[in-house]
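Dropping a structure here in structure tokens format, bear with me for questions.
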Amino acid sequence: MLPADLPGTARDALLAPLVDHHCHGVRRDDLSRAQFELLIGDGGNPAPPGTTHFDTPFGAAVRRWCAPLLDLEPHAPPAVYLARRAELGAGEVNRRLLAGAGVVAFLVDSSPDDTSAGSSAGSSEETSDGAFDGIFGLTGGVSGDLDVLSAAEMGRHGGAAADEIVRIERIERDVAGTAEIAVDYLDTLGEELAARAARAVGLKTVIGTVCGLDVDPAPPARGAVIAAANRRLADPKETLTDPFLLRHLLWSAVDVARERGLPLQFQAGFGGVASGASCGAAEPHRTDPSRLSAFAGALQPLGVPVILLHCFPFHRQAAYLAGVFPHVYVDVGLALPYTAAASARVLDELLELAPFHKLLFSSGCRALAETGYLGALYYRQALGAALATRLGTGEWSAADAARIAHMIGSGNARRVYRL
Amino acid sequence: MLPADLPGTARDALLAPLVDHHCHGVRRDDLSRAQFELLIGDGGNPAPPGTTHFDTPFGAAVRRWCAPLLDLEPHAPPAVYLARRAELGAGEVNRRLLAGAGVVAFLVDSSPDDTSAGSSAGSSEETSDGAFDGIFGLTGGVSGDLDVLSAAEMGRHGGAAADEIVRIERIERDVAGTAEIAVDYLDTLGEELAARAARAVGLKTVIGTVCGLDVDPAPPARGAVIAAANRRLADPKETLTDPFLLRHLLWSAVDVARERGLPLQFQAGFGGVASGASCGAAEPHRTDPSRLSAFAGALQPLGVPVILLHCFPFHRQAAYLAGVFPHVYVDVGLALPYTAAASARVLDELLELAPFHKLLFSSGCRALAETGYLGALYYRQALGAALATRLGTGEWSAADAARIAHMIGSGNARRVYRL
Amino acid sequence: MLPADLPGTARDALLAPLVDHHCHGVRRDDLSRAQFELLIGDGGNPAPPGTTHFDTPFGAAVRRWCAPLLDLEPHAPPAVYLARRAELGAGEVNRRLLAGAGVVAFLVDSSPDDTSAGSSAGSSEETSDGAFDGIFGLTGGVSGDLDVLSAAEMGRHGGAAADEIVRIERIERDVAGTAEIAVDYLDTLGEELAARAARAVGLKTVIGTVCGLDVDPAPPARGAVIAAANRRLADPKETLTDPFLLRHLLWSAVDVARERGLPLQFQAGFGGVASGASCGAAEPHRTDPSRLSAFAGALQPLGVPVILLHCFPFHRQAAYLAGVFPHVYVDVGLALPYTAAASARVLDELLELAPFHKLLFSSGCRALAETGYLGALYYRQALGAALATRLGTGEWSAADAARIAHMIGSGNARRVYRL
């Protein structure tokens, strides 16, 4: 679906394999209609009586673009789509959709999806605190890991390489469950971060989702951290919301990232927020990446790349930060498959200010392989439209257009993640 | 003015009668040029010397689209338009414009318009505190009711059904003027809310305009409410700005809404703000509906539908909340007639994320019947453009396009307001 | 590059000479590639290894549109562009680009550019605190004045008239360097403001950049100002960040502006922010002009025009304030040359709500004459596209289109600045 008048070089660059630098493992199990609807929806709730989550931009996109990969006509009715999906089985569907994305490497947050209502819906069937899962995906490790594909499996299903991104809040959750005294807990936390980072290409934090991106740029005082650690160990099953401990965790991750030359991903904007009403999650306006600028500035001298994920509807702010800070990178992740038919404007808004060498592609793929496929499809359509416009008005040369498409699609990611 | 290439089914759905789920009664009296200019303007001030409020997107739209309904050429000069308007008389003009909107049912906030500079301008001629009127329209009941059409009159003029929306701050104002001791005041407030709600299809609050949408989600303590009530009775003529009392009023409205299954409308964004500088009105950025997310979350278990009005320029945030919360609905109301020639992008941005079953149409009509006519006209043009684009790229099927146009234009409103 | 189908009257109005009501003097010296790259970039940092600031929307625009004025092909490679620039010399390049902008009058903030990374880059070679310069450009007066063209020189190079805009924070810096006791300092400050204003057409503040636009609308208490003045004199070389003193300075400027009938410019949005991480500069979200609404309201009765500069990405908020307040004017300044190929949407968003008699043109030109040329070029292209769309849909008449283009391009500026 690329513009007909694109020159071949630009077309080739758009169709070249992508590095999907931020995605989650997709569900491995066959899904009921109720489960699938919850995974389409954004808030972890069933659609109100008389409605369906298929009546969303994303749902319409699934019927339009994913149906043909399942041998159906475009715009297949939801029931037909789900029947065919069940018929083929989750494994085959995942293979078709992930391979269809045209991705050469997946960088996978292999923790259970921390934002998808879907994952919440799924795991809340097995776990008692589904409400938490909806936002933080902090299901018990086992059940959580069991129901989504690992990084390696994502690669196998998609015919691509795969590497791990370590979500630091998940590591804290695991450590909190085992430690007994504050000092051990803090030591183990540092050791675990280092150990996991040694096998990963990047780190990721969802702190913006928990308490907002306006993070105090100063490391917390040791005393406050110890005190918070003691409170934490008294209730290790809860989602961590203590700001001192979250900042300590973040700075521990920064130390590891600096030592190993790894980038640090920050969830920002709505891709990183479920209901601002539950679980002390930050209200949506506090996920504006502008609010991270003081903290990002503190990381600049350390040379730790900061990668802003999703960002919508604050992607103009994110693009500005990517221009101001030499170490800040940006994508619109999930915003593309979720805004679907309107995604071209969203990407074009990101292109307004962001340096071309600071833009990355990710699908933000979560729970459903449809997200990964649609993320790549809408990225190529949206960038294709942006290039066609700029070539049509003579703003860019064909050679620049092809070069920029290559940078955003894979070149920048290879550089910053050292792939 | 619909795109030529729209299939008949989508065209028919766009031209079908609309439910205008949020409007105000329009002025019944003939207006001087000074009055009309004030009613076009957004801030309750005359245009600076050497300028005219006709030199606004809305003013240009009046000359382009309303002139022909008054038997004039498009783009008629302001003086010609106003002369013809006076010649026909307010009654005939209101009939032509309201009937021209193609509305099957008006849901009318029959309090004096609480946002229109116009109403302010109008009533400030009769009342001493015009400045207040500009923001809250809290003129004395009588004068306030006299100069605008009642809900029933709006229906008769527009050849449509009409129902009432009860603005709770207006009821409080009436009660405060009569009660003498705090307990009576609070009891009467609850009784009045219940009595008025019994004749209405919904409730409405302008709390976002008064002190921002970041409303503490907890009901206020009884003691604080009593204390605030005593302060209130000492000065019942003032606009209510006490946060405890406003929250008490809001929770009283929630109780009534829950009992009667009525939705609760929240003014959000700029449609709900006049000058942030006067009367302790919230500054514009505090009307971002994102800030309501904690409170909206508190209403979710109660099953009270929350309807976000206007929302511009935070309509992307509103669309997100409508996706996250099963009980949240959204429109862009006044933003369409006010952005006029640029309204297609505004509606398209709302369509990026919002579930199709959560979108509503309203004109936000206030003071001038021109608003109601232009609201419906630009809504149909903007949605027509959005459908044509999605059909042209094959994103949606013609059947889906028609179905979605029907849902937004009337179906969703009939369901949520139980019409 | 105007739309082919524009009627002659609109075309003539677009091509008519512009009043550039906000620009800075450009660098007079020949620039190395390192210097030029820093002046393209937005944050005062070199591009990361393996990248170039030419790979930005602005950099691509320089190669596309400025190259031909230097007798090169469009899209000339950076090295070719810079070699030719050096060959011609800064004087000739400045003459070609400034004259090419088609400006009849420049209103020049002749302080060293307070936002340009470029100015920072330049002067940080001579001064020890380049980091400060990056944000506030407060280099020592001499070196600061030496390396950029004065207002008169801007006019001569551009074949235009030129007037001065006085940046009040710069005056404070000069006064702080000379005064010894608080009372003298405060008296001298007032005298200097009055003296400088007597030779200027407007005043300008960067307070939003220093501590956010949410300025307390009340003048500070005299005692607090004296105390702050004493603290200030203890360290007069620092950038002024004391909120009491900044508010005192602002109110002193308001007094002068009222006496002389001068407008007061406020930097807003990203054009006015460098890294939110350094020097106590406000974080980007605090430069939202919405936050100025209380203060702007306080100036309304004084009749001092408030002019919001840049505003992106909060230009919708700025447009709203321009509609609500009779004394507020707005532009998108630097956002046009910086969003370059995407600038048409940015201007169109400003046109959504803003009264036509409140819109101004400025290039925000800073450090590089390329900014001034591209600012005028993209303004004409973007407004041309907006007019063509509205004429094509019949929304505006050709006569209105021409009239509005004239108002925005020069008429409004002549009125508000009394040129």
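Letters A, B and C mark the chains in the order given here, with residues in each chain numbered from 1 onward.
Everything that follows uses one rule, which is that a residue touches a chain if its C-beta (ideal position, glycine included) is under 8 Å from a C-beta of that chain, and two chains touch if they have at least 3 such contacts.
The structure displayed is predicted, hence computed values, not measured ones.
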| On Cα atoms, by how many degrees is chain A rotated relative to chain C, nearest 5? | 120
| query | Does the chain B and chain C pair touch with the same residues on each side or with different residues, judged by whether over half of the numbers are shared? | reply | different
| said: From the mean C-alpha coordinate of chain B to that of chain C, what's the distance rounded to whole Å? | reply: 37
| query | Can you list the residues of chain A that touch 2 or more other chains? | reply | 345
| request: Write out the stretch or stretches of chain A touching chain B in their complex. | output: 1, 41-43, 45-48, 50-53, 55-57, 60-61, 64, 74-75, 270, 273-278, 283-285, 312-313, 338-343, 345-346
| Touching chain C in the complex: which residues of chain A? | 214, 217, 288, 290-291, 293-298, 300, 316-317, 320-321, 323-327, 345, 348-349, 351-357, 389-390, 393-397, 399-400, 404, 407, 415
